[in-house]
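In the two complexes below, chain A is the common chain; its partner is chain B in one and chain C in the other.
Right after this comes the complex of A and B.
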């Protein structure tokens, strides 16, 4: 293998790919990235047997070939090189020679044949959606996924493809986030019209990093098979193993009817919750909300710290209510919403609260209260 | 039916075993336990061989030392007659008793003899509990209030003490309803004492009482080899007569403080109103008050069971542990998993009682050779459910390679507590199964509260810990 390429392009590609490299692994090869020169492209691959990332970089290929080198070493070296042309060549079967200007390095690697093949998801069902919309779908739901590995199903995000479009659902059993993309924003690319899969939240985090808003950016191409899903964005591809199992019936916990509601400015609410949460830290971030006569009151009390009291102007409908929520569960959702105001609906102090962005009918968030 | 308990305490097991072994070797006869009577155990031959190969010696005082080899942790009755006490320096012991023999502790051998002690007691009732050394477990005053933990060998965990042959390991026998079969409880106690002397070669004192605590206090008031019975109608008077320092958990500092309050004997404390005691001394004081009246604040509680010694002190340090000793030690993963189930259920119950949840789970396995492995895991969110704790501990256990080693103790510790079950956070009714499990756990708690800790148990746990 002998290739020449631009340092900044190579650096960007390595940054994208090397995030999925296994941190601690019993297989040393999984700490490496695969470099494969073929035609006018250098294929860079990282794979930890669950999530794999691939990037293709335009290069001048003098000699085709492949080898693997430690991702961290290569990434650090390339990051610190001056912005100039980089030449990479396989000096032996598994030693990479790298030169840039007057800098020369040799990096010891492992043979490419030992690197596991990245799964291909070629014959699955799929769709295309803009990067901006995919970013919305992920950002609006991923924070609600559970971090508890003991409940593997809930560490993933449910992706539902149906006639009405695409929907992502995440829950950690205390809160639920549902975000939809209507059918007109989704382009069919073949396979079944209706399917659902559970994607590890970690994989979606990596996908999210690949995305950028903007109409002119290429769309995200999603393809899913029984066990794998792939996301292609231009020259970047991410492949992830799917989580097997039955996602809970989330629809049953979305309140169908509510008799009390409050509409309040989102940024004001977020800022007030963040302030009050400082006092509530020692009390499991428990904030008490009182809605009455055009006012939303937020209070927190901690025996060791003190008290917090915030008042916000709000449009309150229905009977007065006093209810407690975790500050963390509210700041998460208010932080990703973009609307000016939010509508918060309740049925009682021990029932879930339904939070919606006032101008976004495609997003809803259900959160359970805390005991008063 | 009136209840009756016996508290059997074996004095200086290790040193007694060594002394009798040497003595009998010299006389040509070993205690029958050493000849393997009643124990069809594969280890018996090797242990017996080791017993017989010990250097013959005269019947002489014997002591066992700690790891440093400088401090006496167990003294045979012969050594004690010459003024040697556990806690003495070896230099001091030799000065008082120049002919004292310093024996090397043999954990496996003492375990063998201890199992024989347990078997003999088990001949009279299936309800035999091994309990911790005096001053340990729930009897220890919470550190926050200033009560110091007794110094000396009793600091060592019970199993470790027994393995080293030190301290005075004890058993509690529930003799309720056994009178028709074996006669009055006092006769049973005398018979057990005699059999332990003849068959195992150890000296035991036995207390008989209407509850576990009185039986224990009676045993503590007994001289080595003596049997003391306290009848139900005498319990209050008996406890009232005791010096306040004789009650569990009262060390010198607290005896002095209580003395300043005019409380020098049990009856002084018993005469005070319960609420006044609680206000002045807290929950620990209220328990002490109950003991001083001849009661048992841990009646059927878990604090005295073999499998579990949770203490308030551990809560205050921000952690909570429950452990279970496996007898015999095992490498069967199913048995170990059943033990994990038992301890996590108990932790779950305690967390529910306190309305708390824990974020961190730590598993420790102690092997037969006293080596140990441990691993910990931080949960994504605080959990109070026994099922979640079991899953977490089970996942840690799956990573442990036993490599043929026998596990003798399983301990699960939880830490990083949050307020309320799941931190006070209510859960979405997403999974009906989960909600059902939680309701079931609550009902089981209610049954246990009313009928005792072992009124309801999983089959696997029941097989492990007995009825």
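Right after this comes the complex of A and C.
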């Protein structure tokens, strides 16, 4: 292998890819990145057996070939080089020579044949959405996924492709977030019209990092097979395995008819909840919400700490209600929403609350109350 | 390595092959049997057979060994085959619980990346952090359809009973000596050397192959047998010196086996700060000494065998063995008993030096003990 390329392009690609590199691993080669020169492209691959990332960088190829080198070492060296042309050449099967201006490095790696091949998702079903939409889908749901690996299925995000578009669903059994992208924003690219998969939240986090909203940016191309899913943005690809199992029937927990509701300014509500939560820290962040005659009051009390009382102007409909929620389950969602006001609907103090952004019919958030 | 190529494990290999050809692969297996007979090799061969892209058309259980899947499995980088082992080379290092959680309990929920089956090999399954083996219970209980969990152990009794009861058990045996001799000869060893190593391996193929790569092992064996051959000429008071000589041979053996692994050993020692390197050497001595004692036992065994015209373990020492005085059968038996007892007490953490000295004194004082013990027998009879 012998290639020359621009340092900043190489740096950016390495940064994207090497986040996937396994941190603590029993297989040394998994902390390496694969460099493969073919035609006018250098393929950079990292794979930790669960998630794989690949980036293609335009290069001038003098000699094709491949090898792997430790991601940290290569990344750190390239990051601190001056902006100039970088030349990389395989000196042996597993030694990379790198030169840039008057800097010269040799980096010891491992032969490319030992690197596990990144699985390809070729015969799957797929669709395309804009980067902005994909970012919305991920950001609006991912925080609701569980962190408890003992119930693996809840650590993932359910992706549903159907006639009405694309939907992402996440729940940790205390709360549920559902975000949809309507059919007109989704472009069919072949395969089945209806399918659903469960994607590890960590993979979506990586996808989210490579997205940038903007009109001219290329769309995200999603392709799923039985075993894995890939997200392609321009020259960057992320492949993840899928979680096996039956996702809980989430539709059942969305309250169908609610008789009480409150509409309130989102940012004010978020700020008030954050303040009141300071007092409630010792009480599992329990906040009590009272809705009556045009006001929403939030109160918290902790024996050792003291009390908090907040009042917000709100449009209240239906009977008065007193209900308690954990602040943690509200701050995430209010932070992610972008509308000016939110609509909060209830049926009773012991049933779940349904939270919606006032101007976004595609987003639903259900949260379980606490005992008063 | 194919399942059929396992040495001296016809029954285990047949059971595993039948599971594949008859489409009755179990979700969990317990590979049990003595140390070094090929359980780990069999686990990898089974994983290859389960995932091979191009199995032989007339035998679906024979992995090709050439396809990408087979190659990745033998390299240890197949995304669907996880080998979960203790991190260090030491006998005391265990598989940490977070490794089991991440690489088995969580990972089992991810669908296979390329293979048809996901195979998890816990080797050895009895060396997990305390109580952490229980974390795999749920995975053993309701595994996804594509998963196969293989627990490898030479000490199945150390597993809680809830584990084996959820696994299909595959027993591995000590291989026949002829099979090992044959295998060593295919590796290019001369017949007499192969026979000697095979006899000393006690049916443990892995050990025999290891010894075949270390000529020093044979040198240690020769030195020990020479030592035995010269015992009759020694003074009964030379016990301490004899003990020292046996210990030196055991150390030489450790050295011979260590040569390739020195790098990792020192890394191990430095990573666990405060552990004295001497302690590591001591642990190695403790594991190599039993083999040296086995060699000495084989000497006494041969003397008994020669008396009855039975085949010898060490045919190359036939002449020295038969140079025995008559009427010492009881003494040889007692010597064997004493050595076996020493071996046993070493396993129970006896002091190495004291145990060896006590043994050496017994071996040298044999005629005297014979007399005294026959006295005491007579005394008891009265």
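Odds and ends about this structure:
Keep in mind that, in the parts below, the second predicted complex is superposed on the first by the 372 of 372 C-alpha atoms of A that agree within 3 Å, B and C clash if a C-alpha of one lies under 4 Å from a C-alpha of the other, contacts with A are read in each partner's own complex, and residues count from 1 in each chain.
Assume contacts are C-beta pairs under 8 Å (C-beta built on N, C-alpha and C of every residue); 3 or more make two chains touch, one makes a residue touch a chain.
The model shown is predicted, which means the values in this text are computed figures rather than measured ones.
Superposition note: with chain A as the common reference, chain B and chain C are in steric clash.
By the touch criterion defined above, A:227 lies against chain C but remains apart from chain B after alignment on the C-alpha atoms of chain A.
In the superposition on chain A, A:50 makes contact with chain C only, while chain B stays out of contact range. After overlaying the two complexes on the shared chain, residue contacts for A:150 are found with chain B and with chain C alike.
With both structures placed on the common chain, the touch criterion links A:368 to chain B but leaves chain C unconnected. Of the two partner chains placed by superposition, only chain B is touched by A:350; chain C is not.
Touch criterion met: A:248 reaches chain B, while chain C stays clear of it.
By the touch criterion defined above, A:176 reaches chain B but does not reach chain C.
After the shared chain A is superposed, the part of chain C among 153-161, 171-179 or 243-251 that runs into chain B is 153-161, by C-alpha clashes.
In the superposition on chain A, the residues of chain A contacting both chain B and chain C are 149-150. Interface of chain A with chain B (complex): residues 146-151, 171-176, 248-250, 252-253, 283-284, 286, 326, 350, 352, 366, 368-371.
On the chain B side of its complex with chain A, the touching residues are 379-381, 388, 391-392, 395, 418-420, 422-431, 434. Residues of chain C that touch chain A in their complex: 68, 72, 75-79, 87, 99, 101-103, 105-107, 109-114, 144, 146. Within the complex formed with chain C, the residues of chain A that make contact are 26-27, 29-30, 47, 49-50, 114-117, 119, 149-150, 152-153, 155, 200, 226-228, 241-245.
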